[in-house]
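The chains carry the letters A, B, C, D, E and F, assigned in the order they are written, with residues numbered from 1 in each.
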Amino acid sequence: MKLAVLMSDYRTGSDIVDRLSAEKLGIILVGNGVYHAAAKEGGKACPILEKKADFYALTEDFESRGFTADKLDSRVKAVNYGDLVDLIFNDYEKVIWL
Amino acid sequence: MKLAVLMSDYRTGSDIVDRLSAEKLGIILVGNGVYHAAAKEGGKACPILEKKADFYALTEDFESRGFTADKLDSRVKAVNYGDLVDLIFNDYEKVIWL
Amino acid sequence: MATKKLAFVVRSLPYKTEASRLALTHAISSQTVEIYLNDGDLVEASISYVGDGVFNILKNQQAGKHYGITTNEGHAKNTLLLDLKVLICKEDLDKFGLTEENLVMDAEDLGGDMRANIVSYNEIQKEMETADHLLFC
Amino acid sequence: MATKKLAFVVRSLPYKTEASRLALTHAISSQTVEIYLNDGDLVEASISYVGDGVFNILKNQQAGKHYGITTNEGHAKNTLLLDLKVLICKEDLDKFGLTEENLVMDAEDLGGDMRANIVSYNEIQKEMETADHLLFC
Amino acid sequence: MGKLTIGTFSSLVGSMSLDFAVKLSEAAVKKGHKVDFWMSGNATMLAKKGQKAFKDYSFLSKTLQEMLATGNFNITACEACAEARGYHKEDCPDGFQRKSMDWYLASTFEADRVLHIGGD
Amino acid sequence: MGKLTIGTFSSLVGSMSLDFAVKLSEAAVKKGHKVDFWMSGNATMLAKKGQKAFKDYSFLSKTLQEMLATGNFNITACEACAEARGYHKEDCPDGFQRKSMDWYLASTFEADRVLHIGGD
């Protein structure tokens, strides 16, 4: 399946993502999920970014929290709400919110 | 200080509890915090119970979730809402909610 | 004439928030959805419990006695009474040391025939793959 | 004539919930509380940022532009403008690789004199000990 | 053009999850898609008339009315959830509907995509 | 006998944190303590008249009215938070007050214990 995961939290949900598998998997960081792309703990990027998936972060949400696109982990692509609509309709078949 | 911590969540807040220090520390498990006393992962009790503190769990809340007092870790004492009021007023000076 | 398959996946703890309770009540409402659809069209809901979500189906929840609300246990029983497909992740039960005895496995006392299925995560993954839409909570 | 000391401790991330935003606005309201108190009585609020809470005071929050709401950055600046004591946990900044440059440290642009203090967790622990009440969020 | 059904269970003010759902709907409607927006549980807070705009809180009524005007946006509250919160028929904003939960399930039948925002 | 000030910022229905705050108040009032109960943010959902009892949702109005009758319980909503949600004066249940945030801070002045329930 082609699955888009909207990840909206920083401290919960990783246990679920770890197990998800899909032929095509997109992880879209929204809300407080953007800290997965923008924050480092002890100098290390978030382990979730090791997952085999395409990563996106919502511009409106990381900018709201004081980050700019150049602060994101290089594996993560910035998208806006319009892009997100296209991703959901064109690139994936199913969408979940964590 | 004499500090009572009402711990209401299972998956967040432990980072804060780890650092708290008080001459007299009470950790009172309420809401989903009761899983710290009632759930075991991989056969192991929750690490938070290693903390030097007096532990309590709210009877109304663990019973609501399907546990009985005999299922609680032996370090944890069952209390009801009336006992909780007495603990807050008589045994501790400050109360926080996590 | 078509059937759409919805897979509800309960992964959060009960009670603190509304997430899992409302997932169950919405899944149950698949039984009355026909009034909105054309003849022969159907919406079919399954429910899978994974991760912390398995705590939703512990037996003997006393939330009615203490807080005056229906329990998630009661809702889970209703899903079985109404013949919804229910999957419970075995690996997560093992992790928490839970067994059939601890869980709502049927609604026999209410006259239901359906039993919940304890399955490996792979089966839940398959359920997700064959569903038209996924509803996590 | 007495002063009661309240220590607000911000430990949660901004925005997803109301917790930290409302802590800041309530702390600020200590400035107008006298209308409810006897002459000479005071309520004094301090604010400490610990753990994930340090992300509340990042600079350049664009929530106004994107969502039409005032930012936590703005509220944090107001606490400094109004001379509230502000403590930021150094160990947590180090953990996240954050420095003064990233943070709201003063309200100079608005005419404020007060600066936030980056301190070790021990200092925040002392603040908690000398306060009459603790308000975590 | 497709149809997106969004189910929301979050709270209005202070929970940015509900803001997210509204902004996503807006972006979808702008691109010509149809959106069904279901409010259950605490998300029914959106379904109360007379909300005042304050700068500290998100204020979503205006965006919702603009979307309704396009004819491609349908917003419906769980009736029981609303009544439990003391919201009666006369509290319901213009253009909003109130239905039972099966409305949401029915909406998914013809939806191309479903986003169920279950968390609070 | 002491005074307990509880500040609540959670949601009414479905969030058991608010149920907790009400049950704790009830237990304290029964023991003869005074309780000031502050509702801010989404907790102002308690401050809406006409809530209907459903078995799926907690229904706290009755307990609150019983506590008010004792004279040892004071319940006050943040006025701006209420207005942001479309709750006006006429929506406020009998015996409830509406004030600005400094009321909460003032209440802590004479409180023996303060419980600030900040999370949602």
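In this section, a contact is a pair of C-beta atoms (placed from the backbone, for glycine too) under 8 Å apart; a residue touches a chain by one contact, two chains touch by 3 or more.
Quantities reported herein were computed from a predicted structural model and do not represent experimental measurements.
Path length between subunit A and subunit F in the touching-chain graph (shortest route): 2.
Shared contact partners of subunit C and subunit E comprise A, F. Centroid distances from subunit A, each centroid being the mean of CA atoms, peak for F. Comparing the chain pairs A-D and D-F, the larger number of C-beta pairs in contact belongs to D-F.
Of all residue numbers that take part in the contact between subunit E and subunit F, over half occur on both sides, making this a same-residue interface. Our note on geometry: subunit A versus subunit B, Cα centroid distance of 34 Å, whole angstroms. Chain geometry summary: the mean Cα position of subunit B and that of subunit C are 29 Å apart.
Listed for subunit D are residues 15-18, 22, 25, 67, 133-136, each touching two or more other chains. Across the assembly, subunit F contributes 13-17, 23, 41-42, 56-57, 59, 113-114, 116, 118-120 as residues in contact with two or more other chains.
Listed for subunit B are residues 8-9, 11, 31, 60-61, 94-98, each touching two or more other chains. Contacting chain pairs (ordered by label): A-B, A-C, A-D, A-E, B-C, B-D, B-F, C-E, C-F, D-E, D-F, E-F. Interface of subunit E with subunit A (complex): residues 2, 4, 16-17, 20, 23-24, 26-28, 30-31, 33, 112-119. Considering their complex, residues 8-11, 31-32, 35, 39-43, 60-61, 63-68 of subunit B touch subunit C.
The residues of subunit F lying in touch with subunit C in their complex are 13-17, 19, 23, 55-59.
Subunit C contributes residues 13-16, 52, 55, 58-63, 65-67, 71, 73, 95-97, 102 to its touches with subunit B in the complex. The touching residues of subunit A, when paired with subunit C in their complex, are 1, 3, 15-16, 19, 21, 94-98.
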